[in-house]
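What follows is chain A paired twice: with chain B in the first complex and chain C in the second.
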Partner chain A sequence: MIHFVLLISRQGKVRLTKWYSPYSQKERSKVIRELSGIVINRGPKLCNFVEWKGLKVVYRRYAGLYFCMCIDEDDNELEGLDIIHHYVEILDRYFGSVCELDLIFNFHKAYYILDEIVIAGELQESSKRTVIRLMSAHDSLVEMAKEQASSISNMIAQVTK
Partner chain B sequence: MKRLGRAVVMEIFCFLKQGLTPYEKKKYVWKMLYIYMLGYDVDFGHMEAVSLISAPKYPEKQVGYIVTSSLLNENHDFLRLAINTVRNDIIGRNETFQCLALTMVGNIGGREFAESLAADVQKLLISSSCRPLVRKKAALCLLRLYRKNPDVVNIDGWVDRMAQLLDERDIGVLTSSMSLLVALVSNNHEAYWSCLPKCVKVLERLARNQDIPQEYTYYGIPSPWLQVKAMRALQYFPTIEDPNCRRSLFEVLQRILMGTDVVKNVNKNNAAHAVLFEALALVMHLDAEKEMMSQCVALLGKFIAVREPNIRYLGLENMTRMLMVTDVQDSIKRHQAQIITSLKDPDISIRRRALDLLYGMCDISNAKDIVEELLQYLSTADFAMREELSLKAAILAEKFAPDLSWYVDVILQLIDKAGDFVSDDIWFRVVQFVTNNEDLQPYAAAKAREYLDKPAIHETMVKVSAYLLGEFSHLLARRPGCSPKEIFIIIHEKLPTVSTSTIPILLSTYAKILMHTQPPDPELQNQIWTIFNKYESCIDAEIQQRAVEYFALSRKGAAVMDILAEMPKFPERQSALIKKAEVAEVDSADQSAIKLRAQQQTSNALVVTDQHSANGPPPTVPAVGPLTLVKVPSTSGNAEHTSEGQALTQPNGTLTKIDPQTPSEDLLGDLLGPLAIEGPPGAAVQPQQNAVSEVGGVPSAVDGAAIVPVGEYSNSVQPIGNINERFYALCLKDSGVLYEDPYIQIGIKAEWRAQHGHLVLFLGNKNTSPLDSVQALVLPPAHLKMELSLVPETIPPRAQVQCPLEVLNLRPSRDVAVLDFSYKFGANMVNVKLRLPAVLNKFLQPISVSAEEFFPQWRSLSGPPLKLQEVVRGVRPLPLTEMANLFNSFRLMICPGLDPNPNNLVASTTFYSESTRAMLCLIRIETDPADRTQLRMTVASGDPMLTFELKEFMKEQLVSIPTAPHGPTAPPTPPVAQVAQPTSPVKALTDPGAMLAGLL
Partner chain C sequence: MNPFSSGTRLRDMIRAIRACKTAAEERAVVRKECAAIRAAINENDQDYRHRNLAKLMFIHMLGYPTHFGQMECLKLIASAGFPEKRIGYLGLMLLLDERQEVLMLVTNSLKQDLNHSNQYIVGLALCALGNICSAEMARDLAPEVERLLQFRDPNIRKKAALCSIRIVKKVPDLAENFINPAATLLREKHHGVLITGIQLCTDLCKVSPEALEYFRKKCTEGLVRTLKDVVNSPYAPEYDIAGITDPFLHIRLLKILRILGQGDADASDTMNDILAQVATKTESNKNAGNAILYECVETIMSIEDNGGLRVLAINILGRFLSNRDNNIRYVALNMLMKAITVDAQAVQRHRATILECVKDSDASIRKRALELVYLLVNESNVRPLTKDLIEYLEVSDQEFKGDLTAKICSIVEKFSPEKIWYIDQMLKVLTEAGNFVKDEVWHALIVVISNASDLHGYTVRALYRAFQTSAEQETLVRVAVWCIGEYGDMLVNNVGVLDIEDPIKTVTESNAVDVVEIAIKRHASDLTTKAMALIALVKLSSRFPSCSERIKDIIMHYKGSLVLELQQRSLEFNSIIEKHQNIRSTLVERMPVLDEATFSGRRAGSLPATVSTSNGASLNLPNGVAKHSAAPLVDLLDLSDDAPAPGSSGSDFLHDLLGVDLAPASTQPGISQAPKSGTDVLLDLLSIGTTNPVQSNSSALDILSPGQDNQKPIAALDVLSSPLASAQANSSVGASSMIDLLDGFAPSPLKHEDNGQVYPSIVAFESSNLRITFNFSKPPGNAQTTLIQATFKNLSSNAFTDFVFQAAVPKFLQLHLDPASRNTLPASDNGSVTQSLRVTNSQHGKKALVMRIRIAYKLNNKDMLEEGQINNFPQDL
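Right after this comes the complex of A and B.
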């Protein structure tokens, strides 16, 4: 199973964290510190796996961003790597050629998408189209709620409250 | 940083401004998550996030769910508050809300969620009216809940449904269900046999690309994830019996093995190889025909040579796993050269795999090549790997040495090249080997001499060389440059460069060189004596002691020379290195590989030494390492001290037999008798005893005392003091006397840390004659794990022996551990059963709780079984302050001011055990000032068992039993603990045996 997912920029800034195993706040920052040190300092031509504390970290670099995923030691490493790439492809399709800034300004969207792909540390959906469809459904729901809130009747209701 | 500062100010501003609109609340919670993500401690606003979950509108609810599941972990208390809302969302009709709730529970649901939601989640998963988008989430959510508490899935009812789920057409639901199946079969494959053919079907469907929607193919491969998971599930079934099923599976596997090539596109490559490596694992598991196996090895051989680093890494990893299949080892050996090349790969991950593989594939035939390769690599290896590397090289050298001199060469080279990374165990081991193999001794000594000629050598090398030369340099005496004097000079040159831990070894070496110099060389003798003199006032006790003792001994001349004779042979035992490697090994797959191989191959080295030790009686001298062995007679004429030292130097549990023989008149003869080289190998221990009395100069009056007429003592030995009172006193303190009678005193000293306890039993012989047949047996109750180190069979006169006792608390319970202790004095056999004060309250840690922390906790633990209340009658009347003191002495922290009623007491504490970990316990006592004999007690904790046990424990402490003697001056010790146990032996206080009967 996936224990956690980390997105770290080349400068060591964290862009997204998601924990599927119970780590306390202290442990979380320790893990991030340790791993960003290890992963960022690895050369470009090396393999995508790092053995770490009896677990394995599968990572891949996309431009200035490292996508890291910690899995059990006997898990299939390439499967993990495929999940990372699957996630990136969906981000790319959703944002339209995604860049780090997209993930900074819309980090909540990145969370939504991740939740549609991985639950309980296991892959949930392997179809890009399904995920994108679900995302646009989310978006329209939020949009609808916003419209409702700004509709005139609602405004009147608020003022008279 | 600046932006962050402003953000924080805004947060606080928002926070202060009460009455946030939902939009503001949402914004604020998102910002909090962002700040948290950047690595700042966010310990505020969690409540806000959780409360958003119950918002009626989708946008707020969504934020609430997602932020909560990112911010909190499953152990967070606030999550409890949300259970009800989450449940309502799950059973509600709103599909989007269902999804949100399932996602959150799937990501951070804990045990409590498992208990209250599992049934609803199962319903969703098998419901025919739910859309796939809900059902796939339900499958993974159930998986999470199952991991937290396996009981939530009722196997009998679930097997058929699980099989049905595997017929699912929707790939999303099927993928999630397959993950669930993997978790289920990993715990119990028996029950899920019916799923096996279905997994094969799924694989066939994918392999043939039948009925797979386009959107589920990933780089042209039909859902690689589902393929991997299906094959993973199959690996949990021991075999496939149905021939049809087996055949169709092998067809699929064959197709995967043959049809995968390394291609240009990285992503396609990854996906295809993810499937391929899983197929390889499955083939290995199924124990396929030899042909298919060698096909696999050939594939792996190809992989470890490709340029793509991922494939190379996985090739090495899987080859290591393949070693467990015995008949392919020869085909793997063919790739040895390539594997050795990988040892020099720029990538440390790959180097690690290569090292593991080399270690695993090493056997007698290739050990020499591999170890030499490892040694060569050692000088260029990076620091992160050196320790592992040197340990592995040492083990291989020991296990597969073609001859022993080669082994010595390897270890010495190892120390030379990577001294800092060679642990003490490695050089202890080589010393043991040399000592146990006479043929090896001259060779080892000569080698050691050679290394000393090098200009700069590592300190460990100084230690080994000095030790070896001290023991065996006389074997070299005729060689050039090896006269005692020359050896002394070259060793002494190193003295200024070494640390204090090495100096004692050098001093021993000097003493031994001096003794071996026959006829004595006065010049050398003076030089060495000067050194001894110099260190006589050394601040380090060990050095000082040795200097003083060696000086005294060497002045006695030839008479005591035999004390410094060669060490007797070491007892043969499992190499500490292998044990260490097993512990250090983090790789679970490889660990089992090591074990497997360790079982298959008996160490070559062991066989050799066995032959040697067959020549004489098996040595019984306990030895921890050479350091303790070179300890020669102590001059401090204190028998108690010496035997204490002995007890301490035997942590490896070898039983010492100290012959309690009474010294005869002829002290000197007695002294020399057992010391002759041919003498019993127990010599190293005995001389200590005898030399002590000798050095003290007074033949102690033992003789008389030893012949005390036996008949004088009646059969039952009366204990001094009340055993029960002593026990209760020890329940409150950590050290004191547990038992005492005219012959022996048993003291106890304990340290408690969380769920661990470290006790030391002090067994003191009060007499001038030894106590024989001493036996101590710990009878632990089911909830304690106890380990008592070996107790020597004999306690010398007036000596005290320390026996450490380790305690681990597994779960809350009031049962008490019993020490069954017996000894023989003269003809009297004494046997007592003593309760050990490893009681419930020892695992408590007082903790003070403020009102803000207390009340939410108190309220959240509502009702039984987590919160129990009872009116206790017949309480020993105590003033409130005294009761508070009593509580404090039980490590319950009284929290004043929490309860407005001055007649009530509120206390808090943390309980530690393996099952509960640290668990907060809260206690409230309401007393009636009019009637002090009754009170109402409420106990709450997060664990039902703990609550009950703690409540009963408290009750025992508070209730008084009129028959128990209770002195007014005694500390607030409750007289009797066993109220709950009907067989409480109140009357049999003086008879420990009867007491035990009651206890058990």
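Right after this comes the complex of A and C.
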């Protein structure tokens, strides 16, 4: 099971945190502090696994961003790497060659995508296309609602004028 | 629009925050935004609620408190539109966790959304439920989720499956409701549903044996067929990763097959073929393929034995191990740990490679490899492996040395073929990484050295040499100082030279003293080392007459030490050297051989036990009979049980202990290398009580218990000082000898005299079931009254209930009994009951105390009554 997913920039800034196990807010910030220290300082050639408090952290660096995923000790670490890559590929497709700024300004989108890939700490969907399709369905629902709202508010504005 | 609302868009706020150059600027921006959001919340502003929540989420990620936005999430979830709900649920998952009570308020909205006509809203609710639901919510909403497992859209079914996993983990009782719907999911074609369905079944198997049995019977074949289909499926671009169709599905199938096959020969048999196919056909040049192979190996190792498959699996691991990719090597080491229980021989074949991994630059790999090596060591390969590890110790990173040292020490201890090898290896470790060695390790080393009488000379010479090069290693210094103190004469006279030994340049007496002097004067030395050095010095003062003056000077240097312990010791040792020439040599005799069994027993107990041992000693030490309740281990001083001391079970052990002139000292190993020159000397010995921790029984404690940390030596030495000082006081000696000895410059023990004498405790009564110990004290300024602390100890294996202790005294005595601390007495050594008595002796000085006692209690609900008379009270009470 995945206990949490963290996205940390090279400078130690948090870009995304998703918790599937109960951690209090205090514990969360402690975990982030500890792990970012460990992960960022590891050399480039070293393996992508860190043993940490009886769990394992699988991480992978994409440009200036570290994608970290904490899994159980007996989970498949190599698969963990694949899940991270799966997520990154979907982000890439969704944003069209994703960069860190996309994830900063559209952080909520990054969360929505993650919610389509992982629920309850388990993988939900192995098809990238399905995830993209669901995301665009959601986005069009939002667009529709927005249009509706603006047309209604226009009408109200005209009436009350 | 709300006039307080800043009205900035989310994008603008992020920009403003990113433009901040300092943390203070950022805080200011965030503060302003938060104030605006709070104002909007108070206004119940609806138009910008979702924007405000999005901002809050960003602020939350930066690490600022955002609890005030929690209720906003609930409001958004309760609103009708999809966009509001979407952001509301996201906020709920981000800002809250399952332990917050606010979460309960959302149950109702969740229930409505799970039944919503818009399937995307159902999906949002399932996602939130799956990620943060608590046990109560799981119970409330389980029926909804169960129904959604059969929803028409597969995207809802897969979400419902994962949601069920969370529910089943929170409330395992609900598992049985999910078994049937989960089994249905296994027949799906949609990969998402299949993956989540398999995962649900896997988790059901973990919480419910019935589920395991059910799936094993009904689904094993189907799952094997599914795996076959996936393995042999043609190229499918939608699921393809590195040329493999849906490795995630592969892995989950292999995982559930492992659980089904474990402990079931039939099921294992069904899956043999497909496992062999996966193991042989999977491409291993990409991560995805390796992930599948890794999972497959684990399944092969876990299911019921099939020799051929296991060979295949071990070969895959061998290939992994020689892979250049660190990730692959890491998982190989990980898996070999599991394989070692299955086929140790096969793992041994990779020993050399594994040993190389211990020296890897990657900490994760090193750690795995070290643990694996530790498992690989046996009697036959311990020598080369230890040699390699110790060689590596010299060059390893500082942060790895701790782990490595601990493992080497434990290997050496566990498998050492002979003592000389053990000592050699330990010396090497101490020389290389003495600062990383734990206390119990060097304690054990000293015990071994003490027991290896033919190696004393060899060891002390080796330590002397090692000290010359590695004086910065604290534990090496300690062991060296101890050995030189004990066996310094062997160092100087080259006694017991072994054939294999390098000839050593002659060491003079003053060279040996140099070592101790360096150790005691080194700034880095801690109290334990300094105290040990001081003791070594007093020992050497008698062994090396030529250096006696110099040693005296060094010792006297510490009379002004700020550390009370050292100061006191220094004064006492000095008086031994100056005034007690006649007994000095006997006082500082070599320590008796330390008892290995006692020590290992002591080690078996945890550290707290050691602590309590020294505490306990402070109460019971003079007598040596009463064991401290909290100390499960035999105290080193507590020799009454095993020492062949005459009458040790009797009343006053102290008298036995002191009656050395009656029994040859040699027959009482460990008690005291006491002088044989008669009682006068003996009294003198006692009068300096505190000094003889140096040798004899107490030094065992001194050496072994204090090193635990810097605090304890003080405690231990204190422990030694007070009871022994008190021992002299009542052994019908009177205070004069002590005053004589310390004339005037050690006021602290004298205080005991002023406060009333301290008496040894006695065993007042002992039967097969019960032992009663009395501790005495006198209230100051009232010689007639004696306070007795009675300690009752249950020697049987059953607890006593309704325990009542009664006592009667003759007319010239007055007795006052306080209530006992409780009236049940737990079985053997698990605790004791105490009770205070106050006796006033009107004939004080003429008649001794005497008492009759009666003890009533229930043992196994049977009434028991024991009676006795106590005549062995110390004199002059």
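Assume the second predicted complex is superposed on the first by the 152 of 161 C-alpha atoms of A that agree within 3 Å, B and C clash if a C-alpha of one lies under 4 Å from a C-alpha of the other, contacts with A are read in each partner's own complex, and residues count from 1 in each chain.
The criterion applied here is as follows: a residue touches a chain if its C-beta (ideal position, glycine included) is under 8 Å from a C-beta of that chain, and two chains touch if they have at least 3 such contacts.
This is a predicted model, so every value here is computed, not measured.
Once chain A of one complex is fitted onto chain A of the other, the partner contacts of A:Phe105 are limited to chain C, with no touch recorded for chain B.
With both structures placed on the common chain, the touch criterion links A:Lys45 to chain B and to chain C. When the two complexes are overlaid on their common chain A, residue A:Ser127 makes contact with chain B and with chain C alike.
By the document's definition of touching, both partners, chain B and chain C, reach A:Asp82.
Residue contacts after overlaying the shared chain place A:Gly54 against chain B, while chain C stays out of touching range.
Common to the chain B-facing and chain C-facing surfaces of chain A are residues 14-20, 22-25, 29, 43, 45-51, 76-79, 81-83, 85-86, 107-108, 111-112, 115, 119-120, 122-130, 134, 137-138, 141-142, 145-146.
Contacts from chain A toward chain B in the complex involve residues 13-20, 22-25, 29, 32, 42-43, 45-51, 53-54, 73-74, 76-79, 81-83, 85-86, 107-108, 111-112, 115, 119-120, 122-130, 134, 137-138, 141-142, 145-146, 149.
Within the complex, the chain A residues that touch chain C are 14-20, 22-25, 29, 43, 45-51, 76-79, 81-83, 85-86, 104-105, 107-108, 111-112, 115, 119-120, 122-130, 134, 137-138, 141-142, 145-146. Chain C makes touch with chain A in their complex at residues 11, 14, 18, 54, 57-58, 61-63, 65, 81-83, 86-87, 90, 93-94, 97-99, 120, 123, 126-127, 130-131, 155, 158-159, 162-163, 165-166, 191-192, 195-196, 199, 238-239, 241, 246-249, 251-252, 255, 287-288, 290-291, 294-295, 326-331, 334, 361-365, 367. Contacts from chain B toward chain A in the complex involve residues 23, 30, 33-34, 37-39, 41, 43, 57-59, 62-63, 66, 69-70, 73-75, 96, 102-103, 106-108, 110, 133, 136-137, 140-141, 143-144, 147, 171-172, 175-176, 179, 213, 215-216, 218, 223-226, 228, 232, 267, 270-271, 273-274, 277-278, 309-310, 312-314, 346-347, 349-350, 352, 586-589.
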